[in-house]
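The data blocks that follow each hold one structure.
In the two complexes that follow, subunit A is the common piece, with subunit B as its partner first and subunit C second.
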Partner chain A sequence: MVPIKNVFTGEDLICPRRVHLFYFEDNFIVILVPVSETLATMDDFMSEDKTTFIVEEVSKIIKDSVETVIGENSYKHGRVNQWTTSVVEQCLIQLSKLDKPFKFIVNCIIMQKNGAGLQTASTCFWDNTTDGSCTVRWENDTMYVIISVFGLAI
Partner chain B sequence: MEEYQNGSEGSFNSEEAENVVKEGIESVLGGDDYSQTHVNKWTAAVVERCLTQLVKLNKPYKYIVTCSVMQKTGAGLHTANSCYWDTSMDGSCTVRWENRTMYCVVSVFAVCIA
Partner chain C sequence: MVEESDTYHIRPNHRLKFKPAVVKRYIHDIVRERLSDMQYDPETVAELTRSLAESIKDKVKTAEFDRYKIVVQVLIGEQRGQGVKMSARCLWDADTDNYADDVFMNDSLFCVVTVFGSYYY
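Up next is the complex of A and B:
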């Protein structure tokens, strides 16, 4: 069949992308979608969740890690070392399971509740559009725990 | 020969970063005593100072600088960090500083831009 004319180049309403309509003799209409545009649309749709730093997701991972490792334990000088290591390790394992193209830095501070003042600050020189951070403050009766996760896109 | 040179230039130079950070802390906290009203300003100033000096080194890195200042009252403080990155190119450096009334811990993480 020989196309009479490329009548219409417009938008597909179901899945937005540019389409081409060709009218043929015998009233056949063929809709052609450029392959590259189709793939690009699907990739864009799928990749947004896979390449952004989602704060809520990371926050949940951190809270779960702290609860699992420390829970209701009281501050003990002999065990704190092991706790900080376990918390950061747990967080990092769960974060790497997300399978995102990110490098992660996890920082954990545990302080005994003694009336002392503690101030922490952080600043970052990165790409604002792709990178992100999440800080969680947690406490129980005898200690404060502050965990920061920084995610940098590769 | 070429490979050796590339290795030393490509990886993170932690001594250089340590010097930058020590200077940064000294200039901000110097001879002050812990003061609850000022500590907020101090931590912000320390991280800002360290970051601007690190950026001036003009290296292809993204930086994260964290600073903790704690009053000396006998309380215990523990910090730990763990990183999921490229161990050949990325690096970190932690500086512990103290004076009569407070402790200051500053960590710098440098992640290479590909």
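Up next is the complex of A and C:
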């Protein structure tokens, strides 16, 4: 089939992108949508900000959660359970609001200040380009709080 | 891992899922072997936690949980009578993803290891 003439080039109503209409003999009309135009509709979804793990953003969420839940409270053995749960839940709720295609793991350690030493390390087998982690160390007069967030891309 | 072609498997085969019991035994063995007669020493503990995490990660990789991303976290603390609380929560697919953990204590230190496994669709 040989195109007789290029009837129309421009936006049409059904598919609001620049398309090309070709009128063929035997009364065929072919609509060609350039590949670049189709990818343009995916632009929003594929933009960097929506699919990568941004450390600063996550770090801010973690700091806000800790400030809100613990703030200036003193270490109390009876309340630690509730604090860890609340901090972790707050973080997770805020992270899920980011609406990113990630699975999250949030880890929280609260330790009373009494001169003892603490060391934590983590290692991951993942995809370096899409996945990331963020660890925040926070303290007040009576306790240390370490929160780690791991984001694994789907 | 991403270089492998897409398999379009949404779920791993039941036999190939991340098995917490198996991983817990790996952690248990490695930690006991490395820390049984260790004392908490601020200078060497940093290197110790890091190398412990690497060893555990390498061991879990030998189990060949296909298409699983692994996160290993090791915590070593000095025993001085202080209170410690550690908790974790995950936003993931509970059907395919899982975790394993173990705690070890001796007179001068305590060690908590957590291994998370997350399926890559």
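The working rule: the second predicted complex is superposed on the first by the 110 of 154 C-alpha atoms of A that agree within 3 Å, B and C clash if a C-alpha of one lies under 4 Å from a C-alpha of the other, contacts with A are read in each partner's own complex, and residues count from 1 in each chain.
One rule holds in what follows: a residue touches a chain if its C-beta (ideal position, glycine included) is under 8 Å from a C-beta of that chain, and two chains touch if they have at least 3 such contacts.
Since we're looking at a predicted model, the values are computed, not measured.
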| item | value |
| --- | --- |
| Superposition on subunit A - do subunit B and subunit C clash or fit | clash |
| Which of subunit B and subunit C A:Gly115 touches, first, second, both or neither | both |
| Partner chain in contact with A:Ile105 - subunit B first, subunit C second, else both or neither | both |
| Which of subunit B and subunit C A:Glu89 touches, first, second, both or neither | both |
| First (subunit B), second (subunit C), both or neither touched by A:Phe125 | both |
| Residues of subunit A that lie at the interface with subunit B and also at the interface with subunit C | 75, 77, 80-81, 83-85, 88-89, 92, 95-96, 103-127, 131, 133, 148, 150, 152, 154 |
| Footprint of subunit C on subunit A - complex, ascending | 75, 77, 80-81, 83-85, 88-89, 92, 95-96, 103-127, 129-131, 133, 148, 150, 152, 154 |
| Touching residues on subunit C, where the partner in the complex is subunit A | 1-2, 40, 42, 45-46, 48-50, 52-54, 57, 60-61, 69-93, 97, 114, 116, 118, 120-121 |
| Residue numbers on subunit A that touch subunit B, as the complex places them | 75, 77, 80-81, 83-85, 87-89, 91-92, 95-96, 103-127, 131, 133, 148, 150, 152, 154 |
| List of subunit B residues in touch with subunit A within their complex | 34, 36, 39-40, 42-44, 46-48, 51, 54-55, 62-86, 90, 92, 107, 109, 111, 114 |
